[in-house]
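Here the chain labels run A, B, C and D in written order, and each chain numbers its own residues starting at 1.
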Amino acid sequence: MLGLNSRDFKLFIIVCIMALAAPILLNPFPTASAMGESFNAGYPALMQRFVIFGILVIGFNILFGLTGYLSFGHAAFLGVGSYAAVWMFKLLSYNVVPAIILSVIVAGLFSVVIGYVSLRRSGIYFSILTLAFAQMSYQLAYSVFTPLTNGETGLQVYNDDPQILMGENSPTVPHFFGLEMNAQSVVDVAGWSFTFQNGYYLSAVFLILAFYLSIRIFRSPMGLMLRAIKSNQTRMSYTGINTKPYMLAAFVISGMYAGLAGGLLAAMDPLTGAERMFWTASGEIVVMAILGGVGTLIGPVLGAGIIKYLENIVSKINDGILHNWFAFMPDWLDNALVTIIHPFIGKGWHLTLGLLFMAVVIFLPGGLVQGGQKLGGLFRRKKTDDAADGAKTPAE
Amino acid sequence: MGILEVKGINKRFGGLQALGDVNLSVAENTVHAIIGPNGAGKSTLLNVLVGKLIPDSGSVMFDGQSVLGRAPHEINQMGISRVFQTPEIFSDLTVFENVMIPCFAKRDGAFQMNAIGAVTGHGDIKDMAEAILADVNMLDKRQMTASSMSRGDKRRLEMAMCLVQEPRLLLLDEPTAGMARADTNNTIDLLKEIKEKRDITMAIIEHDMHVVFSLAERITVLAQGMPLVEETPENIKGHPKVREAYLGEAQV
Amino acid sequence: MDAFILQILNGLDKGSAYALIALGLTLIFGTLGVVNFAHGALFMIGAFCAVTVQKLLGLSFDVIDPTQTDFLGNPLKVAIPYVEAWFGPAIGGAIQDWSVPLAILVVIPVMFLVGWAMERGLIKHFYNRPHADQILVTFGLAIVIGEIIKAFFGANPIQTPAPEVFIGTVDVGAWLGMDPGSVAYPTWRMVYFFFSAIIIAAVFAFLQFTTFGMVVRAGMADRETVGLLGIDIDKRFTLMFGLAAAVAGMAGVMYTPILSPHYNIGMDFLVLSFVVVVVGGMGSLPGAVLAGFLLGILQSFASMNEVKALIPGIDQIIIYLVAIIILLTRPRGLMGRKGVMED
Amino acid sequence: MSKSNFSRRGVLKTGAIAGAGLAVPTYLRADGHAGFTNAPQGSTVKIGFNVPQTGPYAEEGLDELRAQELAVEHLNGMGDGGMMNTFSEKNLKGNGILGKKVEFVTGDTQTKSDVARASAQSMIQKDECIMINGGSSSGVAIAVQGLCQEAGVIFMAGLTHSNDTTGKDKKANGFRHFFNGYMSGAALGPVLEKEYGNERQAYHLTADYTWGWTQQESIAASTEALGWNTVQDVRTPVGAGDFSSYIAPILNSGADTLILNHYGGDMVNSLTQAIQFGLRDKQVNGKDFTIIVPLYSELMAAGAGSNIQGVFGSMNWNWQLQDEGTKAFVKSFGEKYGFPPSGAAHTCYVQTLLYADAVERAGTFNPCGVVEALEDFDFDGMGNGPTSYRGADHQCFKDVLVMKGTEAPTNQFDTLEIVEVTPRAQVEYAPDHPMFAGGDLGECNPGA
């Protein structure tokens, strides 16, 4: 179906459903309940980040997952993509289409240059080259290139910008041919309320496309070549295959994914700053990929979701909320629990994050996807003969 | 005029003369062995032939074209394949995927952007891969991960990967190194079979004289980076110079 | 000319900091084959050893002084450190004043212990795992260590001054036969530089001249063979981890008067020290030291107004630019060996 | 599909029908109901405290958070009421805001614009906050201010000192109580003249980003007006850590004054290192070398320890002031937390009360009503003397403190002393002053 084999097609359908029904799935608790106030993640800004970072990490995974080349400067492409998009808003109009197109192109060009140079080396030398390029981009964007990037303040649209395509009645927020990104409908069902936002759905459509494309690449001859490069570069060149263009193609595709993510971030929220390119941002991408499961199809989306969830949800839990949860308990127990949990929430969310990395890397070297497979394995033990058929298809 | 003509190759590493004025001519459709004691420069010569090393002087012509200065993949595309001492295969991939890659290289050349259509959609590649696997009796192992196979099977797989490209010259770098006698004999049989079935030239670097004398039609002896003798196997046996070079090295 | 000499001194000083951290990082990488992203955290733990010693020496009891009031108008509680109460204000004050050098004595055993615990408890299980896993798990550890430090000491930098006698400058210009006062350099920075030089020399001497060092060097070159000789290389490598941790810790302690420590200081140094290690060549100890000093000096020169006027912003990117140039011209860094960390 | 921008969920509770897993969706336009984003429903109103809880300014952020929690307590009638008792307006009765109990949510900005905006978006979209308060950097303040403008909620900026916040990046929905670079320069000028005369050679080290530049510009302008000469302005990378290579050239540059346009950890390090280089022991041009740190904070002072002794700088407010408002605030803060509040804490506390009062006076939570109530609003009793929020740029005008590092501290909080309270008239400027020009306040946006 759609050029996918049945397993991939199932996975694709699952992702489609997850993406399209996210506003419902991510709000499992009634809005006004204590759990809902703390743990519901189905609000547009966060859902946008889930899918946009999902796109970013899917792209990163095409490079790292398939070829094993660890780029430690991928955030730079996200950053230039965002800058390109905001410049489109400033110069043309708030229509997101030219913005997204340009962001992909600019990130693509940027990655051609960085990739061409960095791919002359492999292993950690490649990683450090990409890191060095990204850090230079960050430092310059923050200071010397301020006329282009607006430095620390971040590039944003001002009322006196040219916006030459802007008509009398054009929306003053990013829009898709008039469909405003931040417009939304709210549906209330009993105690639940679900928000369906245009911007989210635009991003979700891109995620679905990006995911689909990534399956096709994984299953294509090029995907095979890239996995072969990861496996044995020597044999590759003695098989008459020029690995450089394949690597560069993977690098550029991956950079364009990052550019798309950057463009979408700007389309959702038309402001971008240099810190989007800082090395910790690149590190975060790596962490997302490894957390989810490198080289798997669905892993990147999971990894991105979990990190963003921690960053946005756990960091907002404070002691007051904790006391609220445990209000039904006796005071001493309530206080004891709050004392125990306190270091891990709110300002301590980094601690939770650090411990989570360690736990996943130690116990689930294949990332969360591997964890899922292990769990699935427990349930499916009886159907072993069934699995023999598909088990050889790597990279689920 | 042989298919491979090596003329006056010199290569120094620092103060060490690895190859000194090496001349070699490999005739088409023959099996040519290059032997010599350790440190004679056999591997260096091989690395020059495949483009991994660039000699300080001299020329290497393959079928009338120079191979010097070309990247390994270009030399391969000219029709030279190489088998390594330890089989170089794609260990993380399945056997079938392993042979599909040279099939693609054969059909599409050094680079072809095929990023959208599924691998399984390329029927001709599939047929090619299946044919070669049938050839080397590995069809039943097609779904195995390459790394989980026995060493002998890995060798066979590597050979299949080389053969599917239909090279005109196959370079073999100690193809039986570290193998048990039975495996060695299997490999000899495999090579003989290959030689019978197709028009192919082979150049073998080998320590094991049993292998050399079972296969080779011509033998070049290298010593201290210089070609000592080039002769038929019959004449090599008992050649005084060879004896001298190998004194204490191996039983000739 | 004097500006030039000053920048060379700055470069040496910066370089010695980079070199010390990179040395420890390379020691761990070379011996254990582990890419340790928590190495910056070890540096930070060292720095906070100094803070802890300072705080411990400053432990005090309160005496209520009714003649003074605090900011809320209540009688002022005057804190009197125990050391001053026990040894009198003069000696007690001096002990407190010397808290940073004293911390060196504390940091060595502490860091050995930390290094040992880290190696046995975590790193050991990652020898055969991909480098990416090693990076991630140690990165996670670095975050956890940072957060724990933050929970105890807060996020604000903590002032840890050098002893009184080291405050002020030395007249380097006079040594070099220039006009007195033309090149004055902070005393503590000179101390730091010589301290680093001694540590670096000691590490090299240790590896060069002791049997232990010889075995470790052999192990760095070819771990399997040394293992075959029936030498328990693992135990020695554990000790090396402790040693690397101690080197990082000492670097951290001595750096505190120059840079007030805060919980994120390790991360600040991490990326830089990795660039240094890679530019030096993975696994090469002399390379790490050389690259440390090279980048330190280049960075100092790039910060000069004359250079900045020529190329704006060069001081912000010089390290990375140099790293790119070196890696493109010398594929394995300045002194790297072939095949190390290339796949 | 009907659409609404940032619509209000609470109002939509009407026709919800729960079916067997599938409901008949009921779309309603929110505009017709409340008319503005996140109009409070029921008996509570929620505000968002968006402060750095991790990263370099975490301590400052946590202090802001303490002050904000205190403000909420006071608004809800708990505690001793703090500055509500000294505030010149008497609309706040301790019964919340407009009778609604005040609740708050907290978020972590990490001092990164992206993260701060994400956190603010979550407060607006998920928690339905009506106002966002706090922050500890100008970049973040400007980013969040822009977001609040688009979303239609009020932003009360915390610590932000860049001229741009109420200059070229000013927004109708945003208000700044804190002072700015220009005011620092204007306040420091006369004191510096008195202390150091008219013939000084000043060398600037400036953090290489917008805040640093605007402060440097402001200070250079005001010192040059005194007759000082700016020898050199050197831009330093943020978070450089080791500033030695920037400090060394000062020694022989002929400068006799070093102005450090740094903040936070950068300032602690650059000041400490400058002193280690013996700058303060030097005599240049027959004068004692001197160092000035235009923007001070208590946390920086604590971090720099004895190095700041005698160093001049400026502050928005300090707990040592002796007016009734300050005393009341310091008392309730000190009793609750055991140490005096920082300037950042004061600003966030005051901003919360000012917002609450503006809502009371406007009689509505509608941002446009609040904007109207705050514009050109004069008040007193909040620690800064008579103060007014200027309508033209939403900048507060009040006295500015010139501070000096205490020469002989008597306790751990005694780090800075007030040298002079520069009267407000001296630091005022026209809204179209060149350093602030180029912005556009725009229209207030009520959102939905």
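Simple rule for what comes next: contacts are C-beta pairs under 8 Å (C-beta built on N, C-alpha and C of every residue); 3 or more make two chains touch, one makes a residue touch a chain.
Just so it is clear, the structure is predicted and the values come from calculations on it, not from any experiment.
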| item | value |
| --- | --- |
| Winner on C-beta contact pairs when C-D is weighed against A-D | A-D |
| Nearest-to-centre chain - CA centroid comparison | A |
| Distance between the centres, which are taken as Cα means, of chain D and chain C, whole angstrom | 35 |
| Distance between chain centroids, defined by C-alpha means - chain B, chain D (Å) | 73 |
| For chain A paired with chain D, centre-to-centre distance based on mean C-alpha positions, whole Å | 33 |
| Distance from the mean Cα position of chain B to that of chain A, given in whole angstrom | 46 |
| Multi-partner residues of chain D (each touching 2 or more other chains) | 54, 58, 208, 235, 237 |
| Touching two or more other chains - residue numbers and ranges from chain C | 313, 316 |
| Multi-chain contact residues (two or more partners), chain A | 139, 142-143, 350 |
| Touching residues (chain side chain A, partner chain C) in the complex | 68, 70, 117, 120-125, 128-129, 131-133, 135-136, 139-140, 142-144, 233, 279-280, 283, 286-287, 290, 294, 343, 348, 350-351, 353-358, 361-362, 365 |
| Residues of chain A defined as touching chain B within the complex | 3-5, 216-217, 219-225, 227-228, 230-232, 234-243, 245-246, 249, 253, 392, 394 |
| For the chain B and chain A complex, residues of the former touching the latter | 50, 71-74, 76-77, 81-82, 84, 88-94, 97, 100-102, 104-106, 108-122, 125, 143, 145, 161, 165 |
| Chain A-touching residues of chain C, taken from the complex the two chains share | 35, 122, 125, 129, 131-133, 135-137, 139-144, 146-148, 151, 267, 271, 274-275, 278-279, 282, 312-313, 316-317, 319-321, 323-324, 327-328, 331-333, 341-343 |
| Complex contact set, residues of chain D against chain A | 1-9, 12-18, 23, 25-28, 30, 53-54, 58, 62, 105-108, 112-115, 117-119, 121-122, 125-127, 137-139, 142-143, 146-147, 150, 162, 164, 168-169, 208-211, 235, 237-238, 438-440, 442 |
